[in-house]
Amino acid sequence: MIVNWFRYASPVSFYPLAGRLARGFGALAAVFAAIGLWIGLVAAPTDATQGDAYRIIFIHVPTAWMAMIVYVAMAFWSAVALGLNARLSAMMAQALAPTGALMAALALWSGAFWGRPTWGTYWAWDARMTSTLILLFLYLGVIALRQAIDEPRRADRACAVLALVGVVNVPIIYFSVRWWNTLHQGSSISLTAAPKMAMIMLAGLLVMTAAAWCYCIAASLTRVRAIIVERERGSGWVASLIGIGTSP
Amino acid sequence: MTSASRLSAAVAGTSGVEPPSVGGAVVFALRRDLRVALRSRAELGVELLFYVIVVSLFPLAASPSRAVLSTLGPGVLWTSALLASLLALPRLFAADFADGTLEQMALARGPLAAYASGKMLAHWLTTGLPVAVLAPLLGAQYALDGVALALLAASLLIGTPILSLLGAIGAALTLGTRGGGSLLALLVLPLYAPVLIFGAGAVDAARAGLSAAPQLSLLAAGLLLAVVAVPFAVAAAVRIALD
Amino acid sequence: MPAAAALEARSLAATRGDATLFRDLAFGVGAGEALTVRGPNGCGKTTLLRILAGLTEPAAGEVRWHGERMHVGDPRLRAAIAFNGHLAGLKDELTVEENLAAWTALDGDGADAGARSRALAGAGLARRAGLPARALSQGQRRRIGLARLALSRRRLWLLDEPLTALDTEATTLLADLLRRHLDAGGTVVAASHLPLPLPPEHGAELDLAALREPARSHASAA
């Protein structure tokens, strides 16, 4: 079984596998999202202190978690790409960046809409939101660096170094922002302070997190297929796939 | 041919094949960069002037009242140091990349991380250090007292080398790319956030009458970590850029 | 191909963007031998030299120095080569003497001040040793590179268009340097669209243009 896995390290064999996995995870994501949204919007009771506005956490918390997880995954594939000089790993890292940026942006947006009814302000400079904002900047930096370098292999390696430098810094950034926040914020309610949650709310969060996770996998696999086709377009298998002649 | 005999005599004069040590490589790059910087005086001091101007402009945008200024002061003085450091970063590797000396360093026997360290040290000596020395004078404009000014200088002395080190990674990664300075800023500024938090925080602590020891020790720890780890990342980024 | 080639390339391939520069390139250069890489602009001569120097990662294949496989940035390769590339490698603000001193310090070959001034004199730069490099003409700047080669104890010389901007006297100097280096058992790989001033028994040629895709001609590498 172990030998079989390395077969998928080449873009040719990974391409169809990625397609099947993407469809599977996409379906799972839809199912989880349906269940999770039903729990969040319908089944879960109205919160005593925050009313119905709190329901946005069913979007906010999963996306915030995924923003972190996708960055770690991107850093992992970057390390593999640098260490083993593996093209497909670099393509996977390239595919993860936009999805992670989307998760971070959704987390910020939903967090703002949670903040408004809760404390009367869209942005409260709390630790997690500020760290997520900086995480979004880190994602945008990786994407921008990729765009700025023409040569694909050089872009792979440069973005891999940047992602690894970022992943080392993310805990430092989070710690420093939290320290800064506790020093200045005083007693205001923090988004990290979880309300006393009924079991049903927790279940809803977990299901939505699973939905977000499956979505991220499906989206990145779909994107990596597009990246594979684009970068391997000179080779025969892609040409026959798309139905064009091989370019000279 | 007299030239030929002189050449052969030159070859005969070489002796010893000791590879340069790490310290020797650092000193070599440091001395060469300082010598080049001192001779191209046009570029020297530009960042310092930028720092002075930016720091002096802020009160125009806010208010000259002492209360406002002393609240703003640490943040403004630190953020402006950040921006001044950013301004100087493209110079770090770009000239050497363009005239071929960077690839000669990458091909030298000594470790590239050591040459890069020497360059980063020279960069800090010509940009970060002057800012750290001048900042207390400008801090007086912001109604900061003696203790706060001392902490400002101390936090900048420890913090600006970290800025030079982290920024060097960005400078090496963006060598020869489109987007230039703005791309460099986008890559590097998020990494600067912790340095800014603890650096400005140290001065703020002084204003509030608290001890700034935690901030300074965290900065010092960060500096140690950066000094040890960053040169290798920079060397890797330089090799990628030379590919 | 000699049995124990000092420098060996196996199945080297290089790309620039989408275009393949060369594929399945294999050759060997022994001690005391020179290889001239010919071909028009853009056919990959510089890229090949940079791959041999360990600056550029090839798309495929490997470079071997004395039988050992060399990766990008390999310290053993770095200790063995003198790379005079397309870029001059000089700081404009430093004097000729300081530039040569920096070069020898990077090479780590231990040339002292006396050896350097003799090398500069041999390259015809004695009177200009104290001038900043920016004050020199292109041909004079190339001569600093010749002085560096004179002082270098490296076994493998990788030269990118070494004849550029050299006048007759400098060309003779280069010829002399090459001959001494080869006689001492060194190896030279040079990219040049002009023939190098080498005695014919030392030189082999590799024509990259003939290897370009699609390979239609029957011209073979020597």
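Each chain carries a letter (A, B and C) given by its place in the written order, and its residues are counted from 1.
Operating definition for what follows: contacts are C-beta pairs under 8 Å (C-beta built on N, C-alpha and C of every residue); 3 or more make two chains touch, one makes a residue touch a chain.
Just so it is clear, the structure is predicted and the values come from calculations on it, not from any experiment.
Q: Using the contact definition from the top, classify how the chains connect: line, ring, star, complete or other.
A: Its topology is that of a complete graph.
Q: Based on mean C-alpha positions, I'd like to know which chain lies farthest from chain C.
A: Result for max centroid distance from chain C is chain A.
Q: In terms of Cα-based centroids, which chain occupies the most central position?
A: Centroid comparison flags B as closest.
Q: Roughly how far is chain A from chain C, centre to centre by C-alpha average, rounded to an integer in Å?
A: So the centroids are 47 Å from each other.
Q: So the centre of each chain is just the mean of its C-alpha atoms; given that, what is the distance between chain B and chain C in Å?
A: Here chain B and chain C have centroids separated by 35 Å.
Q: Express in whole angstrom the distance between the two chain centres, defined as the mean CA positions of chain A and chain B.
A: 33
Q: Would you pick out the residues of chain B that each touch at least 2 other chains?
A: Chain B, residues with two or more chain partners: 243.
Q: For chain C, what residues touch not just one other chain but two or more?
A: 57
Q: Which positions in chain A are in touch with at least two other chains?
A: 151, 153
Q: Once bound in the complex, which stretches of chain B touch chain C?
A: 1, 3-4, 6-11, 13-20, 28, 32, 35-36, 39-40, 98-101, 103-110, 112, 239, 242-243
Q: Could you please specify the touching residues of chain C with respect to chain B in the complex?
A: Residues 53-57, 72-73, 75, 78-79, 81, 83, 85-94, 98, 102-103, 105-112, 114-116, 118-119, 121-124, 132, 147, 150-151, 153, 169, 172-173, 176-177, 180.
Q: Spell out the residues on chain A that touch chain C in their complex, using ranges where they run on.
A: Residue positions touching the partner: 85, 150-151, 153, 233-234, 247-248.
Q: What residues on chain B touch chain A, complex-wise?
A: Interface residues on chain B, with respect to chain A: 169, 173-174, 177-179, 183, 186-187, 189-191, 193-194, 197-198, 201, 218, 222, 229, 233, 236-237, 240-241, 243.
Q: Show which residues of chain C lie in contact with chain A when the two form their complex.
A: 17-18, 20, 57, 213-214
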